[in-house]
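First subunit A sits with subunit B, and in the next complex the same chain sits with subunit C.
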Partner chain A sequence: MKRHWRIFCEFFRTCLVEELEYRSEFLGNFLSSLFGIGMAILTIQVFFYQTDNLGGWKYADVLLLLGIFNTLQGLIDFALRPNMSRLLQHIRMGTFDYVLTKPVDSMFYVSFRHLVFWRLIDVLLGIGLIIYALIQKHYMPTIMDAVMFFISIGSSLVLIYALWMMLMTTSFWVIRIDDLSFVFNSFFETTRFPIGMYRGWLRIVLTYILPAAFITSTPALSLLGKWNGMTTILSVVLAGLFLWISRRFWRYALRSYTSASS
Partner chain B sequence: MFRKYSVLLRMKYVEMFAYRLATIVWMTGAMVQPLITMMVWMNIDPDQENAFIFYFAALIFVERMTSAWDVWELEREIREGTFSYQIVRPFHPIHWAIAENIVYKALFLVILIPAWGLLAVFIPALRLDQIGAAQWLLFFCALLLAAVIRFLFSYTFGLLGFWVTKVTALYGMFEAVSLFLSGRIAPMSLLPPFLKTISFYLPFRYMVGFPIEILTGSVQGMDIVYGFGLAAVWCMFFMLAVLLLWKAGLRKNQAVGG
Partner chain C sequence: MSIQVEHLYKQFRVHVRQAGWTGAVRSLFKREIRTVEAVRDISFTIPSGEIVAFLGPNGAGKTTTIKMLAGLLYPSSGSIQVAGYVPFEQKAEFKKIMSLVMGQKSQLIWDIPPMETFLVNKAIYEIEDRAFRQTLDELVELLELEELLTKPTRSLSLGQRMKCELAAALLHRPKVLFLDEPTIGLDVHTQEKVRRFIGQYNREHRTTVLLTSHYMGDVTALCDRVLIINHGKLLYDGELDMLTEKLTPYKLLEVQLSSIPDISWDAYGELVDAKEGKVTLRVPRERIHEVSSRFLQLFDVRDLNIEDPPMEEVITLAFQEDAHVS
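On to the complex of A and B.
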């Protein structure tokens, strides 16, 4: 664990150095992030122009949810997304062999080697929106709310990582598609709105099979003081389970991997 | 001209098959956002459920038939310098793009129409029996016009790539704004009045929303005439823009890689 942390810091440092060469792009990137979140808020306003609640959530609650969504999306774009196309390229060109021969865990290496720092702007904007929504609601989370929030956001990060890795692992078989992350985006979009909005079987699927509910709704509810111990425990269990499955899947894929060149 | 096109179409057809899996994945993925938006609206107003199902199903169909990806292609080609090969050919590169659009949209049509028919068996909201012949005709005209405008809009931005390096980012911003103004976030009738008014004059409504409104019958009488009038104006505007930018761009173009 400690060793992996040290390696991660090293990735962090090299990517930062790389990124600092493109400082002039910072303003443009900042503006486009600001624009993105502005549009997302406007979308919610269009919905709330016609109603005062969405699946039982008030305007400020949905804003808080959007803040969490934006934060998580920023983290995905920061650490996970830049690596997806690179793995595909490695597999296609046969350079994946070099990754395998490095004395680092291959799954760890392919998922965190490349980082895009300016995406952290989205994280900051998301956190800003969360705080704004709490102020709007005049709600000060208690210590227990915060603890529950951090546990559930921790499991949602693990869940995201596991689901992302499972998708990324399929690239061993479908190397024709340039960017599988598109598939993940489609799924991740469902977490933009409260889970209470979905009905019937779709809600069951989005809770247990593709656990979208635990990714944004559970942390948002925790922060609003509406947590429930069982749900939080369930989110931790599900996160562990999904991580284990993705790990097994990665191992399985490695076993069936035959290099490209020979 | 006809022979050239038949060759181009065949070429693009073969090319498409090489990427069929990617195309299908892309197509299904693009349906997710309208479906989520549909669910939001169904939550807001459960009484109108069937109207929303019909609207958003039509939206998915129209979206696919009008979608334009040319700006990404052009940006890449201009940046990498491969666009030079296209310039020296005696046939305007826009024809390649048009042929590609025809082939892909024909594929979408072949998939989506049977899918609609199949779904209509189970979902009564999707049945089309009370739509008259005149309405169908107007719908197809508006759809064709929408596809042309959106294609030209995208191509205009692509040509801006001669001057601006990150033209897709700019295009992305317009796309984001157009989500509201084209009827993709909400049917026109549910938009706040301010957005409704400006969307009437801007081109975005005529790229997606207008054909759907004709199909659902929410635009009628003289409003249809005005709609077609504005769509035609925008269509001509972008045609002119492509023409002028193309001429100016050729003078500006400096091939990368020599």
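On to the complex of A and C.
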């Protein structure tokens, strides 16, 4: 763990150097992030002109949910998304061979090698929005709320990672699709709104098959003091299960890679 | 024994696709799968510290074998041991004692200086600060990297980049080094430098080196022993000099004369070239002494030179399917 953290820091450092090499347009990125979150808030406000609750959630609750969504999206764009295209490129160009000769877990390497650090702006904006929503609501989370929140947000991070990784692993076979991340986006966008908003089979799918409900709704409810021990435990179990599946899938893909030529 | 390979086989299953529209549509419905035998029953051993060349035309199975040795491909059958490890188990300890350099593929980070790649490798291989500094200093000196370390990789020439690739691969001081065409695309001068470096590194650190190359220069300069492979089969395993003797039972005799007499040269050997007073003959090895002394007696010889046929010629002969060299 400590070793992986050290390697991660090294990845972060090189990516920073790489980014600075191009004197990245920090201001431009900052403005576009700000614009993105502003538009999202505006959309929610438009909803609330018509009604005062969305799937059982009040305005401030939805803001909080949006804050969590933004934070998670920032983390995805920071660590996961930049690696998708690189893995495709590695496999197509054959430089994936170098990854396999390194004494480091290959799944760890391909998922965190490339980081786009200015995407952390989204994370900061997201956290800001969470705090703002809590102030709006005049609610101070208790210690227990915070504990539940951190457990469930941890689970959602693991869940996102596992789902993302499974999608990324398919690039061993479908190396012609350039932007697999589009598939993930369509799914992840569903977590922008409370799960209660969805009806019928869609809700069942988003709760049990692709557990979108656990990604933003559970942490948001925890922070608002509406947590439920069983749900939190379930989110941990699901996260573990999905991580295990994604790992097995990665191993399986590697085996078929190493038994074929590139 | 550093590398031990026994009865190694590798088969690939490939789709056969016909060209054109109909072929593309047909392959959608019915895939014709053919098995290609890339490596067929190869066995050899390489003692530690030795430097051995792997020769063969394109598609002979060299890279497939190297990839199996490095643990990137799973052998269809047969056994491999490299420094006591089974490569395809992909143990971290194994990866720490070996290194792979592919002339056609780069591991350096494109947009930033090579030093950054070195630092990433330092973290991945868990190299201590002191050991890292020491190794780096040595490599910088041997490869003359001083000025390259801080330039973005994309602005380096191919030769400069190759030197940095070698440095990146050697930072963790591997015991076994696989070089897949390390000098490809380099100019003669840089090839020479890279070659000299590999030789020197091998001597100083007793690193086992297995290298493939298309340039005979690499092979003659670095290796005493060669493995020749074609169509996935090992054709020859032994000394380079022996190969020359076996395959080309003649030497080249070059004689500089004051003037070329108008006679038939058949009594001496096979005429290769005769111009500007210089006669080149292909003479059977066992007759070379006799022929050259007769030359000295009969003609006004200004200079006489006996040479082995060029290595390229020998290798071309070796690649011919019917060559029974092993």
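Simple rule for what comes next: the second predicted complex is superposed on the first by the 253 of 262 C-alpha atoms of A that agree within 3 Å, B and C clash if a C-alpha of one lies under 4 Å from a C-alpha of the other, contacts with A are read in each partner's own complex, and residues count from 1 in each chain.
Here is the rule we use: contacts are C-beta pairs under 8 Å (C-beta built on N, C-alpha and C of every residue); 3 or more make two chains touch, one makes a residue touch a chain.
Since the structure is predicted, the reported quantities are computational estimates derived from the model, not experimental observations.
When the shared chain is aligned, subunit C comes close enough to touch A:T101, but subunit B does not. After overlaying the two complexes on the shared chain, residue contacts for A:Y49 are found with subunit B alone; subunit C is out of touch. Applying the stated contact rule after C-alpha superposition, one finds that A:I7 touches subunit C and leaves subunit B untouched. Looking at the shared chain after the overlay, A:G36 reaches subunit B, while subunit C stays out of its contact range.
In the superposition on chain A, no residue of subunit A contacts both subunit B and subunit C. Interface residues of subunit B facing subunit A in the complex, by the touch rule stated above, are 19, 21-22, 25-26, 28-29, 32-33, 36, 39-41, 43-45, 166, 169, 172-173, 176-177, 179-180, 185-186, 190-192, 195. For subunit C in complex with subunit A, the residues that touch the partner chain are 12-13, 38, 64, 67, 70-74, 88, 90, 92-93, 95-96, 98-100, 102, 104-107, 109, 111-112, 116-117, 119-120, 122-126, 152.
Looking at the complex, you find that subunit A touches subunit B at residues 28, 32, 35-36, 39, 42-43, 46-47, 49-51, 54-55, 174, 176-178, 182-183, 185-187, 189-190, 192-193, 197-199. Residues 3, 6-7, 9-11, 13-14, 17-18, 21-22, 93-95, 97-98, 100-104, 255, 258-261 of subunit A are the ones touching subunit C in the complex.
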